[in-house]
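Read through the structures below before going on.
In the two assemblies presented below, subunit A is common to both, partnered first by subunit B and then by subunit C.
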Partner chain A sequence: MKDRIKVFIQWPAFASLVLLLLFLVINQILSPGYLNAGFITGFLAANAPSIIVTIGLSVVLISGGMDISLGGLICLINVIYVTLAMKGFGIGVCAAACVLVGVLGGLLNGICVSVFRVTPLLTTFATSYIFGGIALWIMPSPTGSVQMDLLIWYLGFGKGYLAPIIFIVIAIVLWLVVKRTKMGIWIYAVGQNSEKSYVSAVPVNRVKLFSYTFAGLLYGIGGFALTAYCGAGDPLIAQSMTMKVIAACVIGGILLNGGIGDSVGSIFGATFMGLVITTVLSSVNNSFFQSFAQGLIMLIGVVGSVVLSGFIKKFQE
Partner chain B sequence: MNENIAKNTGIAGLLKNEKYKDFIPSIVIMIVLIIGGNLLNPGFASINNLCNILARASILAVACIGQAFVMISGNAGIDMSIGAMMSLTALIGPMVSKGTNEGLVVAIIVFMVLGFVIGAINGLCIQFLKIPSLVMTLAMSVVISGLTLGLTRGQPIMTIPKALLNLGMPVLGRIRGMTIVAAVIVVIMILFLKKTNFGRSLYIVGSNRNAAKLAGLRVNLIVVGAYGISLMMAALAGLMLVGYVGSAQLNMGDEYTLLSVASVVIGGIKLTGGKGSLIGGVLGAMVLFLLTSILVALGMPSGVRQLIQGVVLLMIVLANSREAKLRA
Partner chain C sequence: MELVCNQVTKRFGSVVALSNATMTIKTGEVRALVGGNGSGKSTLSKILGGILYCDEGEITMDGERYEVSSPKEAKAKGIIMTSQELSLLNNLTVEENMCLCDLDVKGGFVDRSQMRKRTREVLKLIGKEELLNLRIDKMPANEKYLLELAKALIQKPQVLIVDEVTSALYKSDVEVVEKLLNQLKEEGVIVLFISHRLNEVFAFCDTVTVLRNGDTVGTFQVKDLDENTLISYMSGRDITEEIMVSDSIDESDLEIVLRTGKVHLPRFHKEVELDVHKSEFIGVAGLDGQGQTTFLRSLFGLESTVNVEFDGKPLTISSPRKAVKAGFAFVSGDREKEGTFKERSIAENFAVVSDMLLKKKPKNIDDYLKKAGVKYNRCEDLIISLSGGNQQKVVIARWTSSNPKIILADDPTKGIDIQARRDVHETFRQLLDKGSSVVMISSDDEELVETSKMMPLSRIIVMYEGEIVKTLRGSEITVENIAAYSSGKQKCKVG
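Our next item is the complex of A and B:
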């Protein structure tokens, strides 16, 4: 029993779980009874996309990479979905196109990082221009809408709970399957130390390529969910997402140096970020200071999570 | 000794010389862009137009000094809060100065100090709390933008001091006042980097943190200083920006975060730190604005412009920012 508690505390996501619970309690004190069914369905629908994307990014981070192109890529996915939908294609075709675009975008990042050995930060920095640029090229201003059926399904299926949950479950299952395979172990190994992995006959390049492509797949799913939630096309829809998702991963206990962390933990980080936004929107009356308050709480979250996990590590030693 | 000197003269020597090797791609691209721009759009290479481009590039040149300091300090240092800081200064600066030239002096001092303090907070969190540089500065940029929005209430009202507006006017021949101001700042910062203890220590800290610590350098202080200087420069660039544009828009400086990273990278500064010079960054800034103005002159929509910028950046990164092979 004692060992089990120890393992639980050592879990990289423990700090973020504490942070999340703390924030829930504070919220409960500030505005009692806000955790009702309506809040939860709305919250799930709005935050499922970023939770899925966070899982995707965390895989890249665990393998020791970095991806700041996800905002641009998701904008592109959204734009392509809506453009296809306006041309009269069905939901299936559009969703497949989303996933395909995501995978191809991830593949481009992966090839540059693994085959051409460019620093991940700079690669994805350049590709974020490319993806965002194509999105703006196809759709210069927000327009269009998705099929009515999709909107009704996403916001209404199973009292509004089920559709977002299905998306999140798909993402988690995909990651858990990968984690159980050899590839999952390799991802952690490469993130810990790519040179040592290389001499231990781990195909480092293939692992990096896989992690970016897998992340791209999840961006595709997340982008589809985001489009279903918003119901419209906007070439700048996800540009602010990059930072939120990276912060969510860090809060979720994933080190940017790689090799440590659990994608499931990053879900807590993403939930925390989502809660921060809704809380600020409801409790800060001066609308001009809302984004300041959001930024400040997020900063405190990042600092708190990093300090807390450092403290736990020191305490154990 | 004599042989060494002989080897390093002439064009072949110049290509081999480590000191200038990093500048050659930017200079070649610049010449190609100017000639190409003039072919595609006659009159592009006129002195007036080039000076105009130079004026816009000089804002970026000042902004990218800070980025260069942070990147040279190493450890994957990057400052993503430069754009937000520029927006803050550009929008609040004229309000502080109350539109008078005397007020401008106050505003410059206030914002340089403010920039240094915010940057130092970045540096302190990165150095002592071990928060990754990218995350810390990104989060800080959200806080700064939020502050800007809160203070201006979404509708910046301002009268810009005359002295600031005059920066956009031709002073020396066709050369804008802004270019001269930027040149002075760049020269001061180059001297600061090359001749002072701080500057030289920064290179050592960037190339090897442990060695620097063992050599008795105060690594923490130097890194915090680099982040402080970064936002201090961003504050100056923000004031120049509002003087050049002449009116206020929310988030007007935000794009400079990405532009500063791009120009520094084009200029040959590596994310691993310890290498590179400010001149490289300045040349990179000129390359970026030449490219942008050619695309604007050709009437490309903004999406295509962004796409082409991304492709060019990817090409440059592919050429000069590759990591070592795993198989040694």
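Our next item is the complex of A and C:
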């Protein structure tokens, strides 16, 4: 039992969980009773997409990579879904197209990084414009809508709780499956030190290719969820998502240098980020002050999670 | 089984790291590969391990051409090497590390119980079953090196290349390794044992191949050799016992500038202590990686905080800034990284320390640079317009112009031409005349001998595995003696 607790405290995501609970408690004190069913369902529906995308990005980060193209890619996914839906295709076809576009986009990133050995930051910077550019090309301005059935299902199924939860669970299960295969160990190995991994017969290039493609798959699922939530097409819908997701990963205990962290933990980071934004939007009326307040709390979150994990480490020694 | 290297050559740019290496190893043979710094032994083992390609020549296994382009392919053919830098990953568990090269899979998922079983078996072989539940980053160096060996063993090698694994081991661990090697030998495994510990070569190995400056000197039966002959093959000179006479110089009258106290070298779990006299030149000899660099860097506040006695007063050095203010100078062995500011001019590179740290605007920059023998056009030119040797002279002039009381130089003449070397030595001599002291590491034993001869007061300390094993003075300072003590010879006789 004591060992269990120790392992739990050593978990890279522990600090972010503490941070999240702290934030919930503070909120509860400031505005008692805000955690009602309406708030929770609304929060889940709005934040399931970014939670899924955070899991995807965290896999890339653990393998030592970086991906800033996810915003552009998700815009493209949204646009393609709505365009297909307007042409009369069913939900299944549109969803499959989302996943396919995500996987192909991730594959392109992966090929540039692993085969052509371009720095991940540069590669994904360039591809973010490619993905975002195609989205604008297909759909120059917000338009269209998704199938009514999808909208009703996403916001109403199981009293509004279940649809977002199903999406999140799919993402978590996908990662847990990968984590238990050879690839799971390889991802951590390559993220820690790619040369040592190469000497240990780990197929480094394949691992990098896989991590970007896997992330692309999750962006596809996340993009589908986002489209179901918004119900409409918008070529700029996810452009501001990239940095928020990266910050969520850091708060969730993922090291940007690679090798350390747990994708499940990054969920706490994403939830924290979502809560911050919702809380600030609902409690701060002056819109000029909102960005500042959000930024301040995020900074406290990032610094807090880093300081807290450092403190935990020291405390154990 | 038979492994044959025929005329294997490897070049890095214009430098020949390995030239026409030729040897034949038979099944069940434990072959030692020895040689000094830059002899090419690591290059040869990396070629066999699939990390480097060879430019010319041919390697065959059982008459079949052995050509691999990655460690994975080498492993598939049964050639497994341990890495001197260690291939263990801190974020993985012990069993994940051990089995990383060949993870067990059951039904698509990693089979952890099988991995644990295999790991336990191999840890039993090295007598360290208790390591199974520890974290890699918390382990002391000797246990990491044993694990590195275990990681090679778990892959069931046909040819095992052991690269300097024993250098960080304790005596009891070395006995375990010896037992293991004997066992492998009986199983018909070829072992290529790279070590600078000559006593181990004599204890474990059947045959020895000597490399020197990339050339193969020859292969010998260990039982036909004695230590002196082997050292003379390695250094290319005859070793005779009678040189080892000590001139007694009375050092008690000399003024001590720096008493280092005990400086801790974490990798070796050892402490080094050195007293530096006024106007003295101390050459630090030894094979690469025996703690010389760490020792020197510690004194400049680059490793951790050290407490020394400087000029008769206690001094805590917690950063290079503090060291410089106290009168230390440090010439790094890595000019690219720690010597020059590439995008800055010669004058700025020269003046940086006195200008920015000591708050003294240097005057007559041209005079200084000319005196240091720098060949340049205008001192406003970028430093990278100069040759490597001239760049290094600027770096050294930077430090000498600040009138340091002590200069710590980490292989300052590495990779520069002979004339530039002489100029550097001359600069150091002039500093001694002015009352400064110089501590200089060099990987070139001949340079140490020459330099110590031109200095009025000089001493060579030889470091081996994190200890000063011998101090050479006067006529004792010879390439032969340095080579002998660098290889750990007669370690027990030295106090």
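Everything that follows uses one rule, which is that the second predicted complex is superposed on the first by the 317 of 317 C-alpha atoms of A that agree within 3 Å, B and C clash if a C-alpha of one lies under 4 Å from a C-alpha of the other, contacts with A are read in each partner's own complex, and residues count from 1 in each chain.
By our rule, contacts are C-beta pairs under 8 Å (C-beta built on N, C-alpha and C of every residue); 3 or more make two chains touch, one makes a residue touch a chain.
Note that this is a predicted model, so its numbers are computed, not measured.
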Subunit B or subunit C, by number of subunit A residues touched: B
Touched partner set for A:V173, first subunit B, second subunit C, both or neither: neither
First (subunit B), second (subunit C), both or neither touched by A:L281: neither
First, second, both or neither for A:I260, with subunit B first and subunit C second: second
First (subunit B), second (subunit C), both or neither touched by A:Y188: second
Touching partner for A:V302 - first (subunit B), second (subunit C), both, neither: first
First (subunit B), second (subunit C), both or neither touched by A:Y198: both
Common interface positions of subunit A, toward subunit B and toward subunit C: 198
Residue ranges of subunit A touching subunit C (in the complex, touch as defined): 180-182, 184-185, 188-189, 191-193, 196-203, 259-260
Interfacial residue positions of subunit A with respect to subunit B in the complex: 66, 68, 112, 116-119, 121-123, 125-138, 140, 194-195, 198, 204, 235, 243, 246-247, 250, 256, 286, 288-296, 298-299, 302-303, 306-307, 310
Subunit C residues touching subunit A - in the complex, by the definition given at the top: 49, 51, 70-72, 75, 83, 86-92, 96, 100-103, 105, 108-110, 151
Subunit A partner contacts - residues on subunit B that touch it in the complex: 76, 78, 125, 129-132, 134-136, 138-147, 149-150, 152-154, 258, 261-262, 265, 271, 301-311, 313-314, 317-318, 321-327
